[in-house]
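In the two complexes below, chain A is the common chain; its partner is chain B in one and chain C in the other.
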Partner chain A sequence: MKRLTRVIVFLLCIVLLAGCWDQKQVEKHAYVFAIGLDKGEENDPIEVTYIIVNPDYGSQQQGGGANEPAFETITFPANDIISAKDTANVIVAKEITYDIARLVSVSEDFAKEPDFIRWMYDLTKDPEIRRDLQLLVTKEKTSDFLKNNKPVLETRPHEYYKQALERGKETSMIPFSDLLTFFRITETGEDLYLSMYGTLEKTPTTNESTDNFKAGELKASGISGQAQFAGSAVFMQGKMIGTLTAEETRLAYLLNNTLNPQGMVMTFQDPKHEKYKVAGRVSLDSPAKVKLSIRDNKSPKINVHIPLNIKIFTNHSMVNYTKDYSKKEILKKSIEKELEQKMNTLVEKTKQEYKAQPFGWSLTARKKFSTIPEFNSYNWLKKYPDAEVSISVNVRLGQFGRQSEVPKMKELRK
Partner chain B sequence: MGQHENRVGTKELVAIIFIMMGVKVGDDTPPILYDVLKNAAWMGPIIIALLTAVILFVLFKVASAYKQKGLIDIVFHLFGKYLGWIILFVLWLGISAATIIDSSIYSDIIVTMYFPKTPTIIIYLLLMAACTYGAKKGFGQIGSVSWAVFPYITASLIIALVISLRNGTTAFFFPFFGPGEMEVIKESIIKTSILSDYLFLFVFIPFMKDLKSFKKASWIGLILITLILIGGIMSFLLIFDYRSVQMLDYPFHEVIRYIQLGFLTNVETLFFPFWLISSLVRFTVYLYISAVIMGRLFKINNFEYAIPALATVFVFIGYIPESPDYLIFHLRENLLNILTPIFIFLPFILWAVAKLKGDLRREKTN
Partner chain C sequence: MRRKYMRSKAKREQSTPDIGSSIKETTIEKNLNKTVQIFQSLYSFPKNKDVTIRHFHIPALQKDAALLHISTITSAETIDTDILKPLMTINEAAQQIDDLITVPSTSKENKVKTICKKINEGSAAIFIDGEEEAILINVAKFEGRSVEQPQNENVVKGPKEAFNELAQTNISLVRKKIKSESLVAESFTISKRSKNELYVLYISDLVDDKLLANVKKRVQSLNTDSIQNLGILEQYIEERRYSIFPSTLYTERPDRAASFLEDGYIVLVMDNDPACLVLPATFWSFFHSSEDHYLRFMYGNFIRLLRLIALFISVFISAIYVAITNFHSEMIPGDLLLAIIATRDKVPFPGLVEVLLMELSFELIREAGLRVPTPIGPTIGIVGALILGQAAVQANIVSPIVVIAVALSGLSSFAIGDLSMNFAIRLMKFLFIFAAGLVGIFGITALFTVGFFYLVSIKSFGVPYFSPLAPSYQSSGDTIFRRTLQNELFRPGYVKPKDITKR
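Right, the complex of A and B next:
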C-alpha cells in the first residue's frame, strides 16, 4: 500500500514537468523574429511591426506548408510591445512569443522623439526578451522597411538578418549594438551610443572618399528591394541626435580603447599619385591607448595612440613600394597623416555637434577619480567639448599582397 | 535529538555552507550591495568575510569550552532558563523571517524570470513542499544531498561567471572606491548579516562528527563563499556597469540570459535547474534550523513532525505581501540591518558571559 502511494505520488510529479501554466507547445506559437517600433498615428502611442517566421519553411519534410512563404509581416497600432502580443492575435491565429526574437528595429523619426526611451524600457520587462537583442535604426518607417526588405537569396529572415548584421560588424561598417549596451550607455549618460543604421531608400551621393557613405547612399544596382546597412545612428541619453557614415563608424571603432576591430579593408590616398588610392586591410596591434590627464578640475587632455598594422593590397600607381624603403616611408607617413586628419575631424564633429563622444573615453576618465561623488562633481559631459585631443596613428606596413612586386609602367610600355 | 546514527562530516558541511550562503550570489543579495556600494560592491564580501572570521573565532572559543554542545544548549547554559529562552526566541524569529522572506523572493524569481503565467502560490507551495520533504528526512540526509549536488552547482556557477567575466569591460571597476572608502567599510559592516547564517549553523554542532570537522568546514566554507560572492558581483558589474546593475532585480538571471555558449543561445535553461536545486537545499536547511529551535523552545521532542505545519504557516505569511518588488525587498534589507547587530554582538556577549562564569578557563586546564 505504501509502495503504491509512492508510485502514485511520483506519477503525479510527471504532470509538473509540463511546466504547469507555462507549458508551451511549439506548434501553438507564432515566433516573432523582429519587433519594429514606429511612432503611432494620432491617438496611438506606437505602431508595432512583427516579422513572424515560418518554422516549416525550408525544412526537409515539407508537409502541408510547401507553398507557404518564409515569413509574414504585420503592422498594427498598440500601446506597448507587451500588450501588442495580445492585440496581434486579432490577425494572427497563434499565440505570439518573443522567445527567438533577435532584432528590435525602430524608425529614425521615432528614435528622435524625446519620449522614445519610455517605450524602450518595455523591453526590460518581458522575460522573453533578452538583452542581446540587436538594435537597428531605419531611415524610413520601420514597418515599410521590414515589409519591403525581401532579399533574393537569403529568403529566411533570421538567417538573412543574422548574416547581414554579423558581416557588417566584422567589416566595421556598422557598430555593434545590442540592448545591453544601449541601456548601459543611456543610463550612464556620459557617452554617445552608436546603433546600426539601415535603409531601403536609395539616395546616392558623390563623396570624395570611398567609404564615406551612410546606408542608402551606396550606388548599387542589379538587386531590388534589398536593404543597405551602413553607418550608425547616434544616441545621446536615449534619444537619437544624428548619424555617422560608415567611415566615421570605422574611425570610432579604432578610437575606442575597449574595442578591438580586426580586418576592415580601407582605402587611402596614394602619396605618389593623386589619381589613385591604395586599399589595405587594417588591424590593430593592440586596442587604442588612451591617455587622459586632468589638471585642476579643468577640461581633460586626451592623448590617443593607435598602433595599426596595414596590409596593402593594391598598387595602381605601380610605384615600387615594396623594395624602396624611402617610398615605403612616404606611404606610411601619408596614411598616418590621412587617418589622423580624418580622426581629428570626427573628434571635432563630436565636440561641436554632439557635445559628447562615442569612443568610451569617459571610462578612461573614471580611472582618474577614486570615488563616484568626485567623478560626478567633475561633470565629464560639460568638460568634454573643451577637451584637448591629440591623436597619433602609428602604421606598420605588413605584406603587399600575394605578389608583392608589380612592374614599372615605364618598363611595361617601352 | 535523534539522528545520531548519521552524523555530518566536513565535506557535507562545506557543501551545506556553500549552498546556504554562496548561492546568495544568484538572488537579490548583489543588488542590495550594489545599491549602497556601487561599483565597489565586490569589496563588500571581503570586509564582511573578515568580520565574520572574527565572529567565528569568538564563537569557536565559546563552543570548544562546551565540547559537543550546540548553540541552543550553550545559550540556555549561559543565560539561564528565562533569558536564554528570550534570546533563542529572537533568534528563531530571525531565522523564520529570513526563511519566509527569502523563499518569497525565490518564488518571485521563478515566476518573473521563468514561469510568468503560473500563479505564484503554486510555485511557492511546490517549493516549500519539496523543502518540507527534505527537512523531514533529517540533517544527515540534508548533508548527503548537499554534498551530492555540490559539484554540479559549483561547476554551473563557475561556468556562468567565467563566461560573463570574459564578456566584461574592466574599465567599469573605476572609480575604484565607488562611493568612498569609509562608505564602503561602513555599509559593508551594516550588511554583515548576509553571512549571519553562520550563527545558526552552530545549532548543528551536536549533529556533527566532532567539533574539529565543524571548525574546518566553517573555514573552508567561508573562503569558498567569499570567492564566489566576489566573483559573481564582479562579473555582473563588468557586464552591466554600476548604474545599470543597480536597477536589476536579479542580475544573475539577467546575466545567464545574456551570455552565449559558443553557438548556443538561450542558455539560461542550462543554468536554471542547478540554481533551482540549490535553492531547494537552501530552504530545506533553513526550515530545519527553524524547526530545531522551535522544538527546543516549545518542548516539542519530535520536532520533525512539526515541519509540514511550520512550512504551511511560512507559505501563507510569505504570500501576504502583494507586490514582492516593493515590500519584500524592503523587508529583506530591514531584516539584514536588524540581524547585523545580533550577529556581531551576540558572539561577544556569549564569550564574555562564558569568561565570567569561568568556563573558558576550565577548558584550558583540561
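Right, the complex of A and C next:
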C-alpha cells in the first residue's frame, strides 16, 4: 500500500512537473500552407502573406462548411515570420501554425535584396518549419501571386501546389529546391542555387527553341488565373542574381552529377529535315560522370560525360530511322551535337554572367584536396570562370514509339 | 489489520474442530448395525434424500449386509444388475464377495474417512455383518454434457471437439491423442471441505522433474475449503496476482493440450471446468492458435502476421490518434490532418475524452453483449452499431475517424483468441491512451519500453515470459512466425524437457 502510494505520487509529480505544455488540439489551429515574403513598405521590414487552408472544404461532414472557400489569403506587414504568427491573429481567429506549411514563396524583388538572406534564416528558427519546404520565387509581388492564383480544378491549395510542383520537378521544367539545399549551398558560397520560378504575369515571347521559355512566357490561352511554373531563379550566396529558362534548367539537371532526372521529354532538330523536330523522352543511364583535374593551383579542367537514353516519339519527316542504321546514326550524332552545343552555351553563360555554376561541381573539386583549408585557399569561386569544360554527350537511341515505323510519303500519296 | 485477521482465523480453526471428525478417524466395526448407524449419522440419513441404504441378505455367504450409495451420482442400473442381483440370487456357497459381483474392480477399506470420500465420489459401499472392512465398488455416474464443439477457440481446419465438465472425459480426450504409457494423470485433492479433485497430466519421460515438483508443491499446499474450477485454481497458483498478464494458459481444446504435453508442459484438468490449464505459459502460447500449425506453412504464417498486426492495432491505434490530435499534427500527411480537423471541428470534447468515451462504449457493448439473455441479443447489436456509431457521429459527439479507430481496435482485439490476453490488451490500450493524452508519442514509447521491460522480466513457473525469444533458448523457433514442420526439430528448451529433440 505504501509502495503503491509512493508510485502514484511519483507519477503524479512527473505529470504535474512536465505538464502537457506542448499539447494543442488540432482543430484549434489555423493551418498555413504557404508563407509569402515580400519587401516591406517604408518602415516595415517585410510583408507576410499566408495561405490558410480550410479543412472543412470538400469534406462530407454534415451541418455546414460546404459553401466556405478552400482557403483564405491574408497579407500584412511584419518584422519577421515568427512574430507574424501572433500579428495574424488580429485578423484570423485561430492560432497560426506552420505544421503543414510546404511552400515559401518570395518575390523576385525581395530575393534580389542583399538583406534577403537575413529574413530567410528566420525559417531555421521555428521548430514547426521543416527543412523540406519548397522555395518558390515569383516574378511579381508574392502577395499578388498567392492571392490571385485560383486554379479551377485543384481548388484545394495544398493539393494544387503539391501536384503542380511535383510534376514540374518530374518534367524538370523547374528545379528541385528545398530549404535544406538552399541553406547548404548558400553556406558553402561556391555554387549557384536554383529555385523554382513561377508567375501569373503573361509575357509571351517567341523563341527558336520550344522549351526555351520561363514562367509566364508560354503562350497559353483558355486558362484563367492560373500560374505558370517554369525555369529557375538563380541564387548566389543567398541573393537572387538571375533566371534560367526551362530548357536551361533541364540541361542543368543533366549536367549535375548528384541528380538523376528521369523522363523529361525534349525536342531536337531533325537532321534530315530542317523544318521538323523530333521529340524524345530523355533519361540518364547513370548520373553525369564528372572528371575534374586541378594542376598547380590553376583553374580546373572539367570533363563531363553524360550517357543518355532517348526514346524518340515523333517522326514528322517520315524518314525511316528505325530500319536504316546510317540514318539512325546521323540522328544520334545530331542530337549529341545539339545537346553538347546547348550545354556549352549554358556553361559559358554561367562563367560569364554568374561567375559560378549550379551543377554541384564544387563537390567533386573538394575531393581533390585533402583538407578543407587547402580547398579554401585554392579559392574555387575565383578559378571557375577560367575553367576548361569539355562536355561529351553519349546518346543511346531506344525504341521509336509504340509503332516504330511510319509509311513513306511517296507510297502514301501515289 | 490483515495480520490480525489471520491470527484470529488461526485461533478459530484450533478451537472449533470439524464436525464428526472424531468419528471419521475411526475404523468400522464388525457389528453391521453399529456401522450403519455411524454412516446414518454422518450422512444425516433420513433427511438426506438421495442417500440410500439398502439392507439385504447374501445367501451365498449366509450373512446380512447393507449397501450405501448416493443415488444421484451413481448408476442405479449397475447397482441393480451387477451388485444386488448376483448377491441376492446366487445360492451356491462362495468365500468372497468378489466372486459374486460382476463389476470390473472393487476395493476394501476400513477407515470411515476413506469410505466417506469414496462414497462422495460415486462409489457404493457394502457393509457385511462380521466383516471389519467395507467393500467399495465404483459405480459413479455424474451428470454432464457430452463432448461438444469449442465455444471460444474455433478453427476452420482441425479437430472440433472441446473439453467438457467431466475430468474423465477430458482425460479420455487427451489419451485419444497421446496413446502412450508415459502419459500420467496423477490426481490430487486440493480443497479441504469440498474435496475437489485435480488431475495433473504430464508425459513422464519428457517433463522436467523440477517443474513437476514445483507444480505439485503448489497445488498441494493450497489451504482452502473449496476450489470449484480451474479459473479459481489459476488465481491460487499464479505468482503475480496483480499482474495484467496471465501466467497460465486456459484452453478448451484437447488437441492444444496434447501438443503442449508433447512439448513437456504440464496440463491441469478438473471436474466442473470445460477446459484445462497449461503450465508454464509464455507470451507466445497466448499469441498462437492451434490452427497456425494445422494450416500449411504460408497460410499459417499469414494468419500469424495478421494477428501480430491486429495486436499492435488494438493496443496503439486509439493512443496514436490521441497523440496526433494533441501533440504531433505535423507527423501525418497534410490531407489526413485536414480530414481529421474537418471532422473534429464541431466535436465539443478534447481528443482524449472523445476516444475514452467511444472506447468505454465499445467495452460496454461487449460486456452487455456477453451478459444479455440470448433472445434479446440481436437488439444489443442494433443499439451498439446504430446508436453509438451513426447517431453519435451525426450528433457531433464524436468524430467519424474516432469511430473508425475504436472499431478497428475493438475488432483487432478479437484476433487474440485467449480471453486473459484479450483482457490484458484491452487494459493496456487504456494505459496507452492515457499516456498518449499526457505526453503524446513520447508517453506511448515510454510506456511501451517500461511495459516491455516488465514483460521480459516476469516468469511463469520459472520460465521467462518471452522465451525463447528473450532470453534465447534452444527451441524450434515457434515465436512470431513458425518454421516448416520438418524444421521444427526441438522441444522448447525453456521447459527443460528430458528429451529436447523431436525425432
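Assume the second predicted complex is superposed on the first by the 394 of 414 C-alpha atoms of A that agree within 3 Å, B and C clash if a C-alpha of one lies under 4 Å from a C-alpha of the other, contacts with A are read in each partner's own complex, and residues count from 1 in each chain.
What we mean here is this: a residue touches a chain if its C-beta (ideal position, glycine included) is under 8 Å from a C-beta of that chain, and two chains touch if they have at least 3 such contacts.
None of the values given here were measured: they were computed from a predicted structure.
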Contacts of A:Asp22 with chain B and chain C, given as first, second, both or neither: both
First, second, both or neither for A:Leu180, with chain B first and chain C second: first
Touching partner for A:Thr364 - first (chain B), second (chain C), both, neither: first
Contacts of A:Ile241 with chain B and chain C, given as first, second, both or neither: neither
First (chain B), second (chain C), both or neither touched by A:Thr258: first
First (chain B), second (chain C), both or neither touched by A:His158: second
Partner chain in contact with A:Asp99 - chain B first, chain C second, else both or neither: both
Which superposed partner A:Arg130 touches (first chain B, second chain C, both, neither): both
First, second, both or neither for A:Val53, with chain B first and chain C second: second
Set intersection of chain A contacts, chain C complex versus chain B complex: 20, 22, 99, 130
Contact footprint of chain B on chain A as seen in their complex: 16, 19-22, 99, 127, 130-132, 180, 183-184, 187-188, 258, 360, 363-364, 366-367, 369-375
Of all residues in chain A, those that touch chain C in their complex: 15, 18, 20, 22-27, 29, 31, 33, 53, 55-56, 59, 61-63, 65, 97, 99-100, 102, 128, 130, 158-159, 162
Parts of chain B lying in touch with chain A, wherever the complex brings them together: 38-39, 112-119, 122, 126, 169, 171-172, 174-181, 239-244, 247, 254, 257-258, 260, 265-266
Residue ranges of chain C touching chain A (in the complex, touch as defined): 324-327, 329-330, 334-335, 337-347, 350-351, 394, 396, 438-440
